[in-house]
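Please find one structure pasted underneath; my questions will follow.
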Amino acid sequence: MKNTASQAISAAGLALALGAALAISSAPLTAHAADNEKCFGVAMKGKNDCAAGPGTTCAGTSKVDYQGNAWKFVPQGTCAQTASPTSPSGFGQLEAFKEVKKS
Amino acid sequence: MMIALPVHDANSAPASRPRLPERAGIGLRSQHYQQVLDANPAVGFFEVHAENYLVAGGPFHHYLGLIRERYPLSIHGVGLSIGAQQPLDTEHLQRLAVLLERYQPQAFSEHLAWSSHGELFLNDLLPLAYDSATLERVCEHVDQVQTRLQRQMLLENPATYLEFTGSTMDEAAFIGEVVRRTGCGLLLDVNNAYVSSVNQHWDAQAYLHALPLAAVGEIHLAGFAEDRDAAGARLLIDNHGAPVDEAVWRLYAEVLQLIGATPTLLERDNHIPPLDLLVQEAQRAQRLLDASRPARQQASA
Amino acid sequence: MNSQEDFVAALLDPQRDCPPQLKAWNGSDPAARFAVYRNNVLSSLVDALAVSFPVVQQLVGEEFFRAMAAVHVRQSPPRSRILADYGAGFPGFVEGFPPAASLPYLADVARLEWLRIRAYHAADAAPLASDALAAALVAPETLGALLFQLHPALGLLDSAFAVVSLWAAHQGALAIAGVDPYQAQCALVLRNGLEVEVLGIRPGDARFIQALQQGLTLGRATQQASALDAGFELGACLAHLLRAGAITHLAYDSERPLP
């Protein structure tokens, strides 16, 4: 095995890190931390249905398609609200955002 | 072409055949999983679309497994494309067999329609010309399904928006012939019967009477939306997005008069309301079931 | 002769005439009735994409999204009857879709949403037994040759854009006004029990996990992660994976000499 970088990661270092991982992962999350990490996502839905769509007059017969200049839509959603490239993202690393099912 | 199946073997005991209870059930939606487990709503069974559960693992299987422990189950396929002008997808049939083995549903049903062509899946229940070539093909496919799954399947009458100039028999006679030749059961969708009758200008009662009613193993009820065709005539759209129409409730009551209490599903695929409202709609069907005479002993002879 | 072929071609192409041999009871133009089927096919598949890519839809707005999704549906209809599988090609399509070029991060947001769908439906796998790692610690000299098998739901996205922040802002977790989309982020998607989680991770974490996915040993993976990212903390990274049940099996690499 080659030396240099590989030498830097010693068996002792690995053992220390694994020991720490075991200790951290088996400690209970505080209620505060658990709350902070959770937020509500959209519940996944089954997509195979046997129902018909909204009628005759919608998308199916529309001739709107992407053919160069025929396209008439511009993005008009939340993308307009994002910050300029220079501002800080304001988002820390290793925060979890979980999907939580709504019942 | 006829293949003798255990399910319509005269020697098999009817009691051993899995059957849905003669009660009202509702479709199981993922948004209601936890609430169903918490509240145990008083419904006779749940129905799921097979293709939604042809995934490897995760919450869908977790919840369906728990709910199956408490309720009878109907598995309703929406992707087998029984009417397609091409062989059945045997891999898909195999996946269905595994799913049925896992959940042991009391009923399995599919549609008199097609939805695949070549490699493509169109995700809609497309209409068929009712002629002898289609009849042969549909019967062959139904035989193949029943043989592979080792059980009777129920075939659902479709909601249609147009007809084919080449049709040589009417829909009820076509369905009657499929039932007679294959021994499959009928999933009678009363909303579809009404929607198609309005859309094709049939007499809904005459249509129902012409169906092989002795073979009905399950009933579907659903809501429709209303549109107009090019001449301004009523065109009903089977959108499963509204409460059951009063006209459909009346037809349903007539069907129960004819065949007695039959497992009945309230279908809702769009604009899913809170679970309580679905259960309430099922309770209306349940009251009609309670008032009707007991079920026939046997679905088909 | 196959009449369903004509039917399908006309379903997917609004420029084509309604197929022949169709009729209505009142002699009205069957094209208006055929339009119901056309509409069902397209709108139900656009709906399926909208369910799978809700943040993409919010970013561009419903009108743009549905028009864009309709182009994709007509170009690439499903080849699976299981609609949970439909959408794998959508991020790549978005990336090459000229009207969306003003939002270069959109395709990666779609990739992140697709990883969530995959994670949700991935096979179940039991997490590593709690004492397995402790048992491995008994022989520290062998740790470098440890192999980790990761949960099938686990997915990684190394993006030039702030995909995690963009996604989180649409879950109400932070204000979108504070998100600069042009900051590179790495995302880890996993299923913890029944919940799909999206985590922002360090580049070193991403390299480490990717190396494990590729079947590299703990020693090699740690080496690569540290070389890429001086701040890589093996303990913290492993703790996250363990806590999320993302490690399912341990083995030793028998083909390489132990360090």
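Here the chain labels run A, B and C in written order, and each chain numbers its own residues starting at 1.
In this text, a contact is a pair of C-beta atoms (placed from the backbone, for glycine too) under 8 Å apart; a residue touches a chain by one contact, two chains touch by 3 or more.
No experiment lies behind these values; they were computed from the predicted model shown.
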Taking the mean of each chain's Cα atoms, which chain ends up nearest the overall Cα mean? C
Among the chains here, which has the CA centroid at the largest distance from chain C's centroid? B
Pair joined by the larger number of C-beta contacts - B-C, A-B: B-C
Suppose each chain is reduced to the average of its Cα coordinates; what separation in Å results between chain A and chain C? 9
Distance from the mean Cα position of chain C to that of chain B, given in whole angstrom: 33
What is the distance, in whole Å, between the centres of chain A and chain B, each centre taken as the mean of its C-alpha atoms? 38
Residue numbers in chain B touching 2 or more other chains? 51-52, 59-60, 79, 123-124, 227, 235, 237
In chain C, which residues are in touch with two or more of the other chains? 11, 32-33, 36-37, 40-41, 44, 48, 81-84, 120, 194
Can you list the residues of chain A that touch 2 or more other chains? 44-49, 51-57, 101
Chain C contacts chain A in the complex at 11, 14-15, 32-33, 35-44, 46-48, 51-52, 54, 57-68, 70-71, 74, 81-84, 86, 97-100, 102-103, 106, 116-117, 120, 130, 133-134, 136-137, 140-141, 143-144, 162, 164-183, 185, 192, 194-202, 205, 218-219, 222-223, 226-227, 233-240, 242-243, 256-257, 259
Help me check something: in the complex, which residues belonging to chain A touch chain C? 1, 5-6, 8-9, 11-26, 39-42, 44-49, 51-66, 71, 73-79, 81-101
What residues of chain C sit close enough to touch chain B in their complex? 2-5, 7-8, 11, 21-34, 36-37, 40-41, 44-45, 48, 77-84, 119-125, 152-153, 191, 194
Within their complex, state which residues of chain A touch chain B. 43-57, 101-103
Where on chain B is chain A touching in the complex? 29-35, 38, 48-53, 59-60, 76, 78-79, 111, 123-125, 159, 222, 225, 227, 235, 237-241, 267, 269-270
